């Protein structure tokens, strides 16, 4: 961390939400960045300590509004966009028009679907920046690393989707499983629902209980369809049910699959090989299942494969922290790739357990 | 609650565990019972207030040891047996030999499997009381009510199994679903793991996290196999994965099924009809999913059915409180049936939410 | 529960909040009441199952608006008022003007302060129904039982205040402690903060953490001042700091006192005697401290007294469920007293632990 | 993190407990250390991944037994001792006899009390290594930094005590508060109770509830007495009551004090000045109170001061993470001081919230 290392100028758009806070947690001690811009429209004029008191000890820019922002003089090397789905595409289009050399990692869903028709079908309106939609690279780092390295705009994947895709893409690519028989039963901590004040997210509504939501029709499905189909080379439609767990962080996906010729042990071997040299994906010994608590606050994904007693079926457990590898951690990982830094820089945190 | 109502003499064997405490919670205000015996071997000589301080305000028998118990003079009308799996069969055999008119509701797994071979296969040893095993009635009240009314020994079902069986038995009986395509993804609160002091059950080990366990080989499967096969009239082997949720009470089962000719709406109609007059099973409107918190502390099971976007597939959510309908509540329900009381007596508690 | 018992007609004004739901939990199985009116302005037209799904299995009136309510034909025997502080006084004045024979238990703070000047000082405006303010009886049942039995309007105490007052009033009355040296460190579960959707009450904001609030200036202090001063026969101003615990239910007050001549053991004896025949206050053996979990969902208060190692000082622990004895349970207790029912009717629930 | 930086050889004795795991979390990415020894008697032969799966991705020494350890050839620069209270003194005496140049940071209570008589009184037996007891430096870094820099054996303070001492020592040194009128009401997360499998620490026993323990006679008091008396220059005996909060990490102390001439604002100014240049103590603006969640996983202590409405009284809130600044974080901070590294090295983690 010598003084004469060059530091990239970084902006975080939408710093008052949970993914914004998580970005700052990772970026503040990151040796190769300098945070020069923080926006949060409703909190403009406030400090980060006002909206997240844990940042009180750190010197950070005051929050500003994105409205009327003059992007050119900001001279950002890279902007993280942690804005609500839908509004993002307009903001990024304006930013890139004014400051074309700035790179962008977008944490919203706006640029994740490559197909304009799929976007319109799932979101109910045409995309507002179709040229950028075409340019955007899907930011599942382990799969698209080479493209990300050259990208100007990276669409950071969703948390549920990262968790399921890391487990299944190598198996689909190898045509080792029946693509028509995938059931993904996913469970998420509450931070995945964001920081908006809604009755159903109050502590007393969600603690000491468990439930499913969006049964049969969750938007994350579009992203899964796209990536699974690309991997399999054919249309794939999986069953996917999200649930809420009374905990802050973590996603656990229980994935039921049928091997095609491949036995559960073969599927395990395939994953072990696929991730042998990946710093952020760890495949457990065969028969072991991961726990979300063991990746909390880290950028790790833990994957386990076990045999079902039903012949030919396997059960995969995949666990990550929805705010880290499922959002801001992977965003910083992508930033490292885009800026040519070692991929693990600033992401060395060991999981916080207990 | 007039004074001249006759009250049954009740014993609780194994009163220092969670299902024992839950039995007392329900039995203390029950107008037709009198608790005359409480046992807890390791705590013999102590009061219930010593092992569960919430009982301090109530007059209750001191805890005694089961060793050398003289069952005849106890003159119990009914004994609840909340002892560990395995030891139970010996205790109940001795009790019924000495006091043949005493009725028994056993909350352990010892008498749930009717087939001696299945018992031996799953538990690794021959059953110690094969005659009683033959006599025992499986205590899923809604399904076996008539037999329970005449039974001397009722094997109270497991919590996971009650939750899944109530959702699936009517559909299997109607041959409305593909019995080879059942996936049960079950999530339980921590009380299901009992009160034994184990490192992996410590607060700091299990809060703020989520994980699966017993993947591919959980003992509850034997009970599911038995009841599903009986209902379907053929062998049924379902995929079943249990998980632990950082909450005290509640089981939620997400069940993935394929209709045979039946559409999801038809499956819903079948369940609605099956439980139309049941006081403790409530089927939600089509498309809605239940939450464990809305049955907490009550004897209710809430069931919801929704369509999957994958054609022909439906997703069922089934929720109950593992200590109440999943154990002690159903045990009291069975006691009511066995003693000829109105089935809901003492079980009128509305769920405790929030 | 014979059919020819007369049942009082009961209304719950403000049924969509937590104290409203708790009232219904207790009133639905109550053998002497019939719920004939439920109001919830913003949810008018909806069912209770819409706002609290646990009530789906029960037949209940549809929610109506309080606006333009015609109180006379409702012919209520008693109305519970669980409306926000401030709006309550107008509603109750209108109700009692139109239907003077209806009795009211008000769960808001509006009628708790007897002194108009104190009310104006703490709430910043003159009371809107000063005649009723004079008429209202403070509903700490154990202390004001006789007056409550004759009252038309009872001001149900606050949760924090019930917890501290039950512990201290007998000691202050006996002049056994130094009234200038009282420190009350109070901790509450999250339901005490109500159901309004506020960012700071979101699960992810409050789980896995602990904090104080309203330090030095909490409104509950006015109520404490009033009752402590009445008990002591002189002005008493105690230190009081509320905190939030990541749990749903429960208040625990750690109270630091100095005996005046009285030793800690004497203070314990005083409390033991004061509550010897009370069904809902249980004083633990000397040196033991209570836990909120052991009163959860019950109407009990558990109180413990221990000696501090600092000579002459004692430490009291007082625990209750803020929604039950701290709000709706005590409200039903007061209803029982006002309607001449046995005081424990419908309040026999044993605490839900675990 | 250039390759030619020298790295200290570090051992962690007792690596299978929570403070051991927390040490590894901080030491693994620490740029100036190399972990060369890990012991855990009951788990000897296992890997860290066996006892804490979050370490699976890291290369670490296998766990060994401390029995018969040959300390000399280990050639440790520094050993962290995270062993149970009582056994520690023997182990450290043996270690330092065999390897006198090794430095030790002891996280147990064994060397915290300087006075042999006080030790014997609180622990019921004479100290087993009185010479080392004399040599040991109390490791409250902000207060004893100079001595720590020269020490061979540092007694890392307790978590409760660090939290209260950082708040009060500057005020006692300045004689700004009445030393006879201190009430410390402390609340801790569950990890403070350690990893031993005890019934009362099970999830279902401690979630959804709150209680005090060790009322009137907690061992941490000895340490408080020692440091408060040293700071005040006279005997100080404070009231101290610990409580358990259903959360993993965090201690919050609510401290009630009376100023001597000093007003609450003056007390705040004193603390602000005392910690103006400290990296790990942050004093909030006057009137604000901290929250444990905002220091979770970081080495920070947040302190707030507010006025009580009782004239002359102030209320201090002090919050830290019991495993980090309250144990392993401060231990690493002390290691940095002892080895001449910048004090914040490896401790730059920003708090993990939410």
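Note that the chains take the letters A, B, C and D in the order they are written out, and that residue 1 is the start of every chain.
The rule we apply is simple: a contact is a pair of C-beta atoms (placed from the backbone, for glycine too) under 8 Å apart; a residue touches a chain by one contact, two chains touch by 3 or more.
Everything numeric here is computed off the predicted structure, so don't read it as measured data.
Q: In terms of CA centroid distance, which chain is the most far removed from chain C?
A: Of all the other chains, the one whose centre lies farthest from chain C is A.
Q: Cα centroid separation between chain B and chain C, in whole Å?
A: A distance of 35 Å separates the two centres.
Q: Calculate how many whole Å lie between the centre of chain A and the centre of chain B, each centre taken as the average of the chain's C-alpha atoms.
A: 40
Q: Round to the nearest whole Å and give the separation of the Cα centres of chain B and chain D.
A: Centres of chain B and chain D (C-alpha means) sit 46 Å apart.
Q: List, in ascending order, every residue of chain D touching at least 2 other chains.
A: 18, 189, 191, 204-205, 207-208, 246-249, 290-291, 293-294, 296, 353-354
Q: Based on the touch definition given at the start, go ahead and assign the chain network to line, ring, star, complete or other.
A: Looks like everything touches everything, fully connected.
Q: Can you tell me which positions in chain D touch chain A when the two form their complex?
A: It comes out as residues 1, 18, 21, 24-25, 28-29, 52-58, 191, 207-208, 248-249, 279, 282, 284, 290-291, 293-298, 300, 302, 323, 348-354.
Q: Under the definition above, what is the set of chain D residues touching chain B in their complex?
A: Checking each residue of chain D against chain B gives 18, 189-191, 193, 195, 197-199, 201-208, 246-248.
Q: If we count contacts the way the header does, which residues on chain A are in touch with chain B in the complex?
A: 183, 185, 187, 189, 204-205, 207-213, 215-217, 221, 237-239, 241, 243, 245-250, 252, 254, 256, 287, 289-294, 296, 306-310, 313, 315, 317, 319, 353-354
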